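Each of the two complexes below includes subunit A, the first together with subunit B, the second together with subunit C.
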Partner chain A sequence: MKTIKQFFSENLVVIFFALLCLGAYLIAGQAPYVVVSDLINRVMRNSILVLALIIPIMAGMGLNFGIVVGAMSAQAAIILITHWRMTGMAGIVVALLVCTVISVICGYLLGMLFNKTRGQEMITGMIAGYFGNGIYLLIFLVLFGTVIPFWDEELSIRSGIGIKDTLKMIDGMKGAMDNVWKLQLSQVLIAVFVLYTLYMAYCIVKRGRENRSAVKISVIKWLIWGAALAAVLLIPSVSAVVTRCKIPMITLFFVILVSVLCQFITSTKLGQDFRSVGMDIGIAEASGINVNRIRILATIFSTVIASWGQLAFLQNMGTFSTYTAQQNVGTFSIAALLVGGASIDKATVRQAFIGVVLFQLLFLLAPSAGTKIFNDTQVGEYFRTVISNGVIAVALVLHALNKNRKKAAQADSI
Partner chain B sequence: MQNVLLEMKQIEKEFGQTKVLKGVDLRLDAGEVLSLVGENGAGKSTLMNILFGMQSIVSTGGYGGEILWEGQTVKISSPAQAMELGIGMVHQEFMLLPAYTVTENVKLNREITKSNLISRVLGPSMGTLDHKTMQQETKEALDKIHLNVKPDIQVGSMSVGFKQFVEIAREIDKKNIRLIVFDEPTAVLTDVESRWLMDTIKEITAAGVAVIFISHKLNEVIELSDRIVVLRDGELVQTLERGETDATGLARLMVGRNVDFSNIEGRPVEEIEKREVVMEIRDLKVSMPGEKAKSVTIDIHEGEILGFCGLAGQGKLAISNGIAGLYPSSGEVRYKGETLPFGNPLAVLKKKIGFVSEDRRGIGLLLDESIRMNICLLAMQIRNRFFRSFGFFKQVDTKSMKETADAMIQELGIKCTGDAQHPSALSGGNQQKVCIARAVVFSPDVLFVSEPTRGIDIGAKKVILDYLVRLNREKGTTIVMTSSELTELRTMCDRIAVIYDGKVKAILKPTDSDEKFGLLMSGIDA
Partner chain C sequence: MKMKCRQFFEEFGVTRMIAVGFFLAIAIAVPVLHLNTLTLYSQALTRMAMNGVLVLTMVPIMVCGAGMNFALPIGIICGLIGGLISMNMNLQGFTGFFASILFSLPFSLVMGYLYGLLMNRVKGSEMMIATYVGFAVISAMCIVWLFVPIDNLVLRMQMGRGLRKDVVLTDFWAGILDDLCPVTIGGLTIPLGTFLFLFLMCFLVYLYMHSKTGIMMRAAGQNPGLAAANGINVDRMRIWGITLSTVLGAIGILVYAQSYGFMQFYESPKMMSFSAVAAVLLGGASNKRASIFNVIFGVMVFQGILTLSMPVANVLLPESNISDIVRMIISNGIILYALGKGSGKK
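Right after this comes the complex of A and B.
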């Protein structure tokens, strides 16, 4: 009984949003296929941005609103490759390289700024985002075509100064990563299940002999998942959806790669340093960890991953508004992570994915649910904004309350 | 002649204007225990921070003098460098991360890694953690100090004593360790644990590792030390070899200032104790972090000056802070027959009980308001003074505020450009005078004063102490003063309560001997 209660109290946020999504789905009454394919699309393009937030949280720097800077690096990279007329995977690879270089530099500067404003990283990150936006505007709206010689039929504003405010990627760039290889959702599910089976068999062979009950549990788990998969594939109404939905495999691999990278870092010496610094800067310093260096590294990682995320996002969209596309990146990603049950001082890859799925689901259902209830799409739009900002506010308040409670408990125990 | 491990020559250090170390010499051989003894503020921690290359030293201009490590001159500028030399430190506040396991804490920043594909390219910091080996080595270190805990439990759930030993295990685990500094290790331990720690220290030194032991528990110091260095006010008083002194002699050396007894203001205790009791404190517990009061029971008599003395961390500061309502407290405090509520500063102030905090910049002053406002604020808030009334409206009476403030500035000799200046620009001594002025303008019947002379110059000190005595004699205000400076308490108080381990250890007369104060403050019955 106690464990169930615990489960609920620990996952309150996730459960609340899951119910909200369910409600919105029932009210909206959209076709399952539309919802699922749209959701896949959105999850693929948003996941990496959310993953970018994990490392700074681990290093005790809170929610990194500074990922906006990473997003701008990606936009700069796309402007360049569009100017160079590069397309397809080649274009993606070059864009990746360019945005990595820019975001490493930006991340380094941002990290130095964070070190100067210890304890106020979140607000610093937010302001750095606005300031970065100013520099971005200065470069692409003022300096391009004046100080920096630049002319491009497609990109430049007629007067010759600055880049157009809507940037349409050239043919072959939209979805360059997505369209290389697509598989049906059903095929992907089967492949995942096969991998899972192999992994489990490996585990049983390797250390199953000593631990019989563990073997039993994993076999039961395997049976349940197998049954669930069979059900999904055999029930006609569901199977129609999973066979029609397509998954962009390269993008999926990219997302998996970044998550594995995040997971891998946590198990390294560097990850341990991130955690040590995150728990107590003073103690980390006294044990000889170069705290400033570690915090700069954390910021660089975050900025680079964010720039990759924005790249994946923009190639999926194909068109973006040159000067405002990055603006919501910070808030939306942070809100998504928090919906997944993460907090200011703890976040995992799993929470990031749960959060992305729930947040994007709500995002895509809210407008039509709003239309159904109030006969007005605007209400749904409004609802989205309220949720994304509200979630952040609630998370901050909860964090403050928790911290106070902990402090009080600590004072009592002295 | 043993081989000399560490020599510190003529070490000097100043923070701003104040010189906290004035040429201290120290020598330590391998496998030896050296104890540093002295009152709070004598410079022990500063000396050790210099040895450990702490940021607080480096960023304030470094130190003067020379450090020799195995005969070589070294300039230690970071903890990492100190560790490389083989210097370890068991800190007074635990340097442990509560959410980590014992292993993770012991191996903090010395994690063992396995190389993998990525670490081969990007360097060892990308290596995967080798939990198995780390676990094993930690177990060995724990065995060495006979600590029987599992290496994979979380440190946060352990008792204070065990945490202390985990810290020691961490130092032992360092392969190149040559010297371990113990900064008041037994302050938080029970007697059994202290005993165990002493045995551990003896084992460590038997293995050839030198130990610097900082403690206020003089019995332990006497038992352990091969050599004792006594510091007072940043100066080396004496270096004693084993067997040269006992606890009493040590206490005298530690406290030993020549109090000029002709200057003493205190009145006979017998007379004081005949007076009416204004405040009864019964079993007062205050959970002020680092200064916990555990069970304080004492009577405060009408019109007396009562002093609270004691070493840092023993809880003397918690008493007035708890009564003033600033920290969670329990127990009972009765003022003139009525029970005082806890955690309600306003109610306490309304009963005309004043409090001058030891944290004058944090709690004491509104740094960005005028001196005038600072002085008059309490009286305005609590006593409704300095207002002119117009029917429903009240207006601040700036004129009478200015008169009062000017009078106080005159009386206390606050050096400022005028009553409109902000206290943030004043020196520490003058800020303190503003704090006292505020408490006086509010005309309390009982005034609690915490560390009124901490960090201020001698001139201001004298003005403040004289003023407090005058306040007591002329207006009959009962004053309860908490101070780390025993001398000033002894010159002005009628009675002095020694606080040890969160309790009143004894109530002494100002004229009692140095040894008596020294021993009682160290927790030894005299």
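Right after this comes the complex of A and C.
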């Protein structure tokens, strides 16, 4: 009983949003196949951006609103490869290299800025995003074609100065990563289950002898998952959806790779340093960690992952507005992470995925649900911005309240 | 002398000097490039006057120690509500304008008070929270604007329900202060009415900041611990400063709207706070210090740059919207500079 209560109080945010999603789904009344395939698409293209937020949180720098800068480096890389007429996987690989180089430089500068404004990283990151946007506009709208010699039939504005404000990727680049290899959702589920079974067997063989009850629990877990999978595959209405939906495997591997990086960095020396800086800067400094360097590294990691995320996002979209595509990246990714139950000083890969699924589900259902209730499409659109801004505002307030309460308690105890 | 010069430059800051230098350069470039100097200068003056009160909102809130007012949208929303009520009653001319201010007061007082209470709970991270509370209020109000009951059909969207995105003020009180007593000196038009209103507001704030309460507020902002030891209720001072700032924000958007000729609802006030913050910082304010002089000087330089850079840029680089780019780089650059400096001292 107590554990159930604890479960509810710990996952209050997730439960609230899950109920909200359920309600929106029931009201919207969209076909399940449309919802699921759209959701897969959205989750695939958004999750890396959300994962980019985890490392700075670990290093105690709060929500990194500066991932917008990483997003802009990806856009710059795409402009370049479109100019070089590169397509397919080669285009993606070159774009990855270019955006990594740009975002390492940007991340380094951003990290130095964060070190100068310790304690105000979040607002600094946000303003740095706007400032970076100005620089980005300056480079691609003014300097390209004047100071930097550049002309491209497809890209340049007719006057010769600047890049057009809508960038359409050349054929073969749209979905270059997604379209290489696609599998049915059902096949992926079965593969995941097989892997899970193997992992379980490995665990039982290795550690099972000493711990009988743990084996029992894991077998029961395995049976439940197996039953669930069988149900999904055998119930006709569900299995029709599952077999029709396709999953882009290369993108999936990319997402898994990044999440493994975020998950297992904690077990490296660097990850431990991130942790200890995040716990207490003073203690970390006293124990001989170069705090400034660690914070810069955390920012670089975050910026680079964000630029990969934006690359995955844009190759999925195919067309983007050159100068505004990055604007909502920060707010939406941060809101998604918070919806998953993360807070400003603690976030895990699991929370990031739960958050992306719930947030994107709400995003895709809100307009049609709003139309059904109020007979007005705009309500749903505004509702989405209310949710994303509101979630961030509430999380920030709660965090500050908590921090000040702790500070007061500390002052009292002294 | 040399030391003094150096100290002056250090306090003035590199970013600020670049901005002021830039302003002077384009102000000189306008007549040199044979542009329509007098019209452009008149436009610049109008924009200075119309933005003045919005920038003035920064003074009380920064002095009382709650940081830059990124939650200006809250005040702006209150002003919009006041304006909406008065327009819905079809009040015109001076009655309409002052009724708008009057109707906005109860909202801005209550909202300012609540916002002040919140800010007292979250000391230390006011700016970030202010920004997102501002954004959240703006987006929540977007839904409210869609459902607000309106009697005056001029305000309603042509199709469906809800308020228009931009309401034209020509039938209500557009230019009520601008056209009050415009002074024309050899082709240069000065919107004296708006300037007088701005100076009146500045004077009132000046008086308030130098009254006993104002001085207590300053003490609370500069050194909360010491102020509390001297028997000043720091939290209450902060609430007063924030409330005053919200009230000024409401008045500010009405002054802005009368000069602009439109009342903009929905998402347009979202980014207004950044320009206002940048202007006061450009004028020489720092995290906890802001004076009337900073406001006037800052709004002059900032709005001057914005108005004059566009025509100058169009001569040098045709068909570019460099003015917007300049605004982004200067305003956010100066905020970053202030953030770096503010935290460095701790």
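In the analysis below, the second predicted complex is superposed on the first by the 405 of 414 C-alpha atoms of A that agree within 3 Å, B and C clash if a C-alpha of one lies under 4 Å from a C-alpha of the other, contacts with A are read in each partner's own complex, and residues count from 1 in each chain.
By our rule, a residue touches a chain if its C-beta (ideal position, glycine included) is under 8 Å from a C-beta of that chain, and two chains touch if they have at least 3 such contacts.
From a predicted model like this one, the values you see are computed outputs, not experimental measurements.
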Which of subunit B and subunit C A:Leu97 touches, first, second, both or neither: neither
Subunit B versus subunit C as contact partner of A:Leu113, first or second or both or neither: second
Subunit B versus subunit C as contact partner of A:Leu270, first or second or both or neither: first
Partner chain(s) touched by A:Val142 [first = subunit B, second = subunit C, both, neither]: second
First, second, both or neither for A:Gly134, with subunit B first and subunit C second: second
Which partner, subunit B or subunit C, touches more subunit A residues: C
Partner chain(s) touched by A:Ala201 [first = subunit B, second = subunit C, both, neither]: neither
Parts of subunit C lying in touch with subunit A, wherever the complex brings them together: 70, 118, 121-125, 127-129, 131-133, 135-136, 138-140, 142-143, 146, 160-162, 274, 317-322, 324-325, 327-329, 332-333, 335-336, 339-340, 342-344, 346
Residue numbers on subunit B that touch subunit A, as the complex places them: 54-55, 78-80, 83, 89, 91, 95-100, 104, 108-109, 111, 113, 118-119, 124-129, 287, 289-290, 292, 327-328
Touching residues (chain side subunit A, partner subunit C) in the complex: 113, 116-120, 122-124, 126-128, 130-131, 133-135, 137-138, 141-142, 146, 157, 159, 161-162, 331, 376, 378-379, 382-383, 385-386, 389-390, 392-393, 396-397, 399-401, 403-404
Interfacial residue positions of subunit A with respect to subunit B in the complex: 264-265, 267-273, 275-276, 279-280, 282-290, 408, 410-412, 414
